[in-house]
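Two complexes follow with chain A in common, the first pairing it with chain B and the second with chain C.
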Partner chain A sequence: MALLLGLGAAALITAAWFYARTAADEAYDRLLLGAAFQMSENLTVQDGVIKFDLPASAFELLGLADSDRIFYRVVTPDGKTLTGYNDLDTGVDLTAHQSQPVIGNSTYRGVDLRHVTVSRVLTQKSGVVWAHVIVAQTLESRRALAAELTTRATILVAIMCLLALAGSAIAVRYSLHPVDRLGRVLARREPQDLTPLDLDVPRELTPFVDSINRFITRLSERMTLMQRYIADSAHQIRTPLTALNAQVSLIDDEKLAPADRRHMERVRRRASELSRFTNQLLNHAMVIHRFDSVQLAPVKLNDVARKAFRAAVPMTVDPDLVVSFEASPEELMVTGDELSLREAIVNIIDNALRHGAKGRLDVKVGRDGDNGFVEVSDDGPGIPPEEWGNVVKRFYSSRSEDQVSGLGFAIAAEVALALNGRIGFREKTEERPFAIHIALPLIEGGQA
Partner chain B sequence: MIRRLVTGITFSLVAALPALAIEGAREVFPAPGPQAGRLVIHGATDLETMRPLILDFQQVATGVTVEFVDYVTNDLYRQAEKACAGEAESGDILLSSAVDQLVRLANDGCAQPHRSAETLTVADWANWRDEVFGFTFEPVVFVYDKRAVPVEDVPKSHEDLADLLRLKPTVYSGRIGTYDIEASGVGYLLAFYDARHAPTAYGRLIEGLSRIDTVTRCCNSEVLGEIASGRVRLAYNVLGSYAYRAASENPDLGIVVPNDYALVLSRGAMIPKDAEHPQIGKEFMNYLLSPRGREVARQKAFFFDDGKPLPPGVEGPEALMESGVGRPIRIGPALLAAQDESQRSSFIANWKHLVSGE
Partner chain C sequence: MRIFLVEDTHDVGEAICRRFQQAGHTVDWETDGQAASDILSFTEYDLVVLDVMLPGRDGFSILKKMRQSGSGVPVLILTARSEIDDRVGALDLGADDYLVKPFDFRELEARARVLLRRRAGGEATNLITCGDVVLDLSNRSVTVGRREVQLKRREMALLEILASRPGKVFSKEELLDRLFGFDEEVGENAVELYVGRLRKKLEGATARIVTQRGIGYQLVADGA
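For the complex of A and B:
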């Protein structure tokens, strides 16, 4: 932009200089011509002799260019200098009649001159003859005028350039303002919000916004497809698995050879493991996709934990196991997705039942400052602290000899993270059992 | 003038110095302090007039020895022309009442420009190209002998003078003096401007002068001398400064600034391009144009000053310039017309034919 302006300014200034010179030349050439004509008017023939009466007014006219030196020469028809500077030569042929004044540049006594030669026809006895008047002027006034005009033009051009620069800067900033706004709107959007943008933008930006909206629409459609696919998959895989489990349970172990019975037991275990793992995998996918697509809403922590507790503890639980659920005395509200959160708690309880609890499992909902928490404690051996970081990773099992553990803690941890909460562990001590809790920030005010 | 100068020299401290130049008298003013420089003035200006200015300048520039060489205007011009062509020694500053000659020299490229705080104060009409400056303000006046000219005859204007010559030719025959415009550059310049400013009055005046056997002298001082001696009763086109100086010494002289128009001459100063000590020349120029120099000039040298009332004893219009009576001779290219050879020779021939009857 600046380069373009610079080039333009240079071109303009050059043009201004050129015009200024032409204008100065024209203005002062008129003075020169006027003076030469006045002088040639004063050439007369008296008694056959050419007389010249130098008009002071011609010099006064030339004196309007008040800093210029003046040279002149009056030449008679026979080529003699009647008066003036007799070595003033402008290169004009003085033996011929010039019908038009001849204007040109020359150098005389080491200075540059602008000169004009005017011919005047005189009638003598011998016939028609012509005399010449040469008037020349130094160039100082012309140069001064040209310089002044150029300087003024330069100042104007400079001002214009500055205005153009400032104007375009403001224009660019102003016209990019909606882009800025669009960027902010996009950045502020909830990740689940896949509705098209509704934003007032200048016409130039509408294609851009339209593209974004088309993309959002396609993404949204794709998400819907994906969810449908997950739901279908869950259904499609769970049904044959249930059937498989049923079939396996129908096999009569008594009729099997001892070796086959052992194999059968492994098949049964693996099938149930597969069933659980599939459930977890689908739950995990569901949880992730729910967070991508479902709007979060206030959730009552007590209710969610109770539902999870009921879902996780089977009716057929070992009667020797003492289970308890302790709700919080106050109603704790957190922002979340009820289904995902329930799934997370179910996974924690399930894990405790499966790997920890020997005789006791307690689920407690409580408040710790600004956070609400659901704590699951059991009297099992617990998880040693050095494993805490690993168990929340997918497909990690602290007991490698045991079944492939799965996604239980990973799901719980991801849900906690997605809801700005965290999952925590408490070491087993003499007085207190091992506990895992999931803590979530309470909604402002804390209670419904 | 030369006679007067020689007298002046005998009174001066350096009277013993021989006059070195044949062109004119020469006087050296040694530096009052330790000598640090030398200033050579070529002047077509009465030395007695310049003396107070030179002495006061030396109070400011105590290290400068001033050498003043006196010329008549035409000699000064020829000398400067030669110097410009490299054929003669150049002065450091030229002072001349014939400003047209200085303008011609500047036009021919013989001057060097000078700009300073002082030159900026010079009126527009008294500065050409920053090369030629007018440093005085001298109305051109009539001088008459109070003993011989009755009050009713004293002319107040150029018309009055022409009428006087027409009505009383016998009384004033051989009793009117003026410049010999062939011998005096400034005389020619004044006559030329008279002819331009008031062609009719000038025509009548010349016609009157032609009838009465006019006395012409090379210089103002000689014309004034003729009045003092009683031979001439009335002088026309005398520079006010010379007239006032003479009148202050001789109470019989009366001065009239004409009230129809009065030419105002500003004596010119110029630094030649080949000046040996141009810096000192410029210093002196600055001094002449400075308030101090102007004040000394008004009190001791030229007596008249732009914007100041006429000196006591001078008859004429009060506000010379404001009333439009004063017609300054503009220092500029128009003066080149006066310097044109054919113009000059035909004008002088015409004048001589009428005034001197040749």
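For the complex of A and C:
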């Protein structure tokens, strides 16, 4: 943009300089010509002798260019200098008649000159002859005029350039403003928000927004289909799976051969793994789906955590396991969706029950600055810090094929993220057991 | 106890029936929702295990009708529906508990036992306190300081006995009788087992179970 303006300005200034010079030349040439004609008028023939009377008016005329020096030479028809500088040579053929004044440039005594040669026809006895008047002038004034004109033009061009730059900058900014706004709207969007953009944009941007919206709609349809597919298939799996568990539970281990009993035990374990996984898959689909549609509301953290605790710890839990729940003494309110949050906490507790706790599992609700947290600690080996980033990924398994961690932590992490919270881990030390917590920002004031 | 099972999946119904029967209950099993609803309107049961998706009439509607007619029979809902919302819906409609399919059959039995006991018990609604141990008999919960500790039924019973008279020494035989009755055949060390577990769960409390060698056990509050 600036380059283009610069080139344009250079071209304009060059043209201005050129025109200024031409204009200055024309103006001063007229003076020169006028002076030359006046002088040539004063050439007279008296008694066959050519006389020349230098007219003062001619010098007055030339005096308008006050900083310039003037040279002149009057040449008789026989080539002799009647008066003036006899070495003033303009390169014009003085032996021939010039019907038109000849104007040109030359150098005289090391100075650049503009000269004009005018022929004057004189009548002598011998017939018609012609004398010449040469008037020359140094170039200062015309150069000064040309420079002044060029300078003024340059200033004008510069001002115009600046105006153009500023104007186009404003224009660009103004015309890009809707794009900017569109970008901000897109960036501000919740990741789950797949509703079309509803935004006033200039007509030029409408096709752009339309294609974004078409894309969003397609994506949203696909997501919906996918979620429905997952939900439907998980649902379809539930019934036969329940039946499988039911039938397996009827088999009397006592009547089996030792080897068969072992196989039976594996079938049971796999069946319950499959049950758990199906539940996770379905809950995961549900949780994702919920954030699309559910309006978040204030939730009592103690209540949700207690419900999750009751749901997650089965009645058939190992009787040697000490399981406890500690509510926060103050009522902590967070913004959330109760069901999803409960699922998140259930999954953390469930995981601790399955893979962590050996003799003790404690769930605690508390406050840490502006955050409320639910902490699940157990006396198991815990998860090493280098695995923390991985276990929150879907289907990540740190151990052998036997233990698929599945979706538990992924659900918890996704819920935490959707509620502007996070999942955190605390390393096992001598004094403190390993702990996982889900922390959520408290509603202003933190208390109900 | 009489249990009414409404479940249309044969394999599942069969297993539930068999397991409850093995536990000594009488089970009536119905597969059609409408028929089940009719039966419930004139037959009294101790527990109803209700599937949600049923031919004829769905489980929620049966439950609603039961509660509208004033029946207070405990209802355990089995649901395979895809939304967790169902669970909340079930409780709102007056279900006492729910299980999402697929479930663990031992869990079903455990929960059914709780509901049947609640039905038979008619429990007192009072609190027993010893040190910072609080035993809430109405909702069967125990807190140690601010921690709610989950106790098993027998542990709860043991604590209830000991806490009913803090400081009194209960002999092993007395505890054995009161915990298990005369019918069950359990070894003497069963008491030790439960005392051990209970001790572990009361860790950090300001009340302790003290063993009086050769005599028995007592619950003592610190500083008392």
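FYI, the second predicted complex is superposed on the first by the 253 of 448 C-alpha atoms of A that agree within 3 Å, B and C clash if a C-alpha of one lies under 4 Å from a C-alpha of the other, contacts with A are read in each partner's own complex, and residues count from 1 in each chain.
Keep this in mind: contacts are C-beta pairs under 8 Å (C-beta built on N, C-alpha and C of every residue); 3 or more make two chains touch, one makes a residue touch a chain.
The model shown is predicted, which means the values in this text are computed figures rather than measured ones.
Engineer: Who contacts more of chain A, chain B or chain C?
Structural biologist: Here the partner covering more residues of chain A is C.
Engineer: Give one of first, second, both or neither to describe whether A:A58 is in contact with chain B, with chain C, with both, or with none.
Structural biologist: After superposing on A, A:A58 lies in contact with chain B but is clear of chain C.
Engineer: Given the touch rule stated above, what does A:P384 touch, chain B (first), chain C (second), both, or neither?
Structural biologist: Neither partner.
Engineer: Identify the partner contact of A:H235: answer first if only chain B is touched, second if only chain C is, both if each is, neither if none is.
Structural biologist: It touches chain C, and chain B stays clear.
Engineer: Touching A:T316, do we find chain B (first), chain C (second), both, or neither?
Structural biologist: second
Engineer: I'd like to know which partner A:S67 touches here: chain B for first, chain C for second, both or neither.
Structural biologist: first
Engineer: Would you sort A:R109 into first (chain B), second (chain C), both or neither based on which partner it touches?
Structural biologist: first
Engineer: First (chain B), second (chain C), both or neither: which does A:A327 touch?
Structural biologist: So A:A327 only meets chain C here.
Engineer: Return the residues of chain A at which the contacts from chain B and from chain C coincide.
Structural biologist: In chain A, no position sits in both the chain B and chain C interfaces.
Engineer: For a test of understanding, state which residues of chain A touch chain B in their complex under the given definition.
Structural biologist: Counting only chain A, the residues touching chain B are 52-56, 58-60, 62-63, 66-71, 74, 82-84, 109-111.
Engineer: State the interface residues of chain C toward chain A in the complex, per the touch definition above.
Structural biologist: 9-12, 14-16, 18-19, 80-85, 88, 100-107, 110-111, 114, 144, 146-150, 152, 155, 197, 200-201, 203
Engineer: Okay, in this complex, where on chain B does chain A touch?
Structural biologist: Where chain B meets chain A, its residues are 106-109, 128-129, 196, 330, 332-338, 340-343, 346.
Engineer: Please name which positions on chain A make contact with chain C in the complex.
Structural biologist: 231-232, 234-235, 238-239, 241-247, 249-250, 272, 274-275, 278-279, 282-283, 285-286, 306, 313-317, 319-320, 322-327, 329, 339, 343, 359, 362
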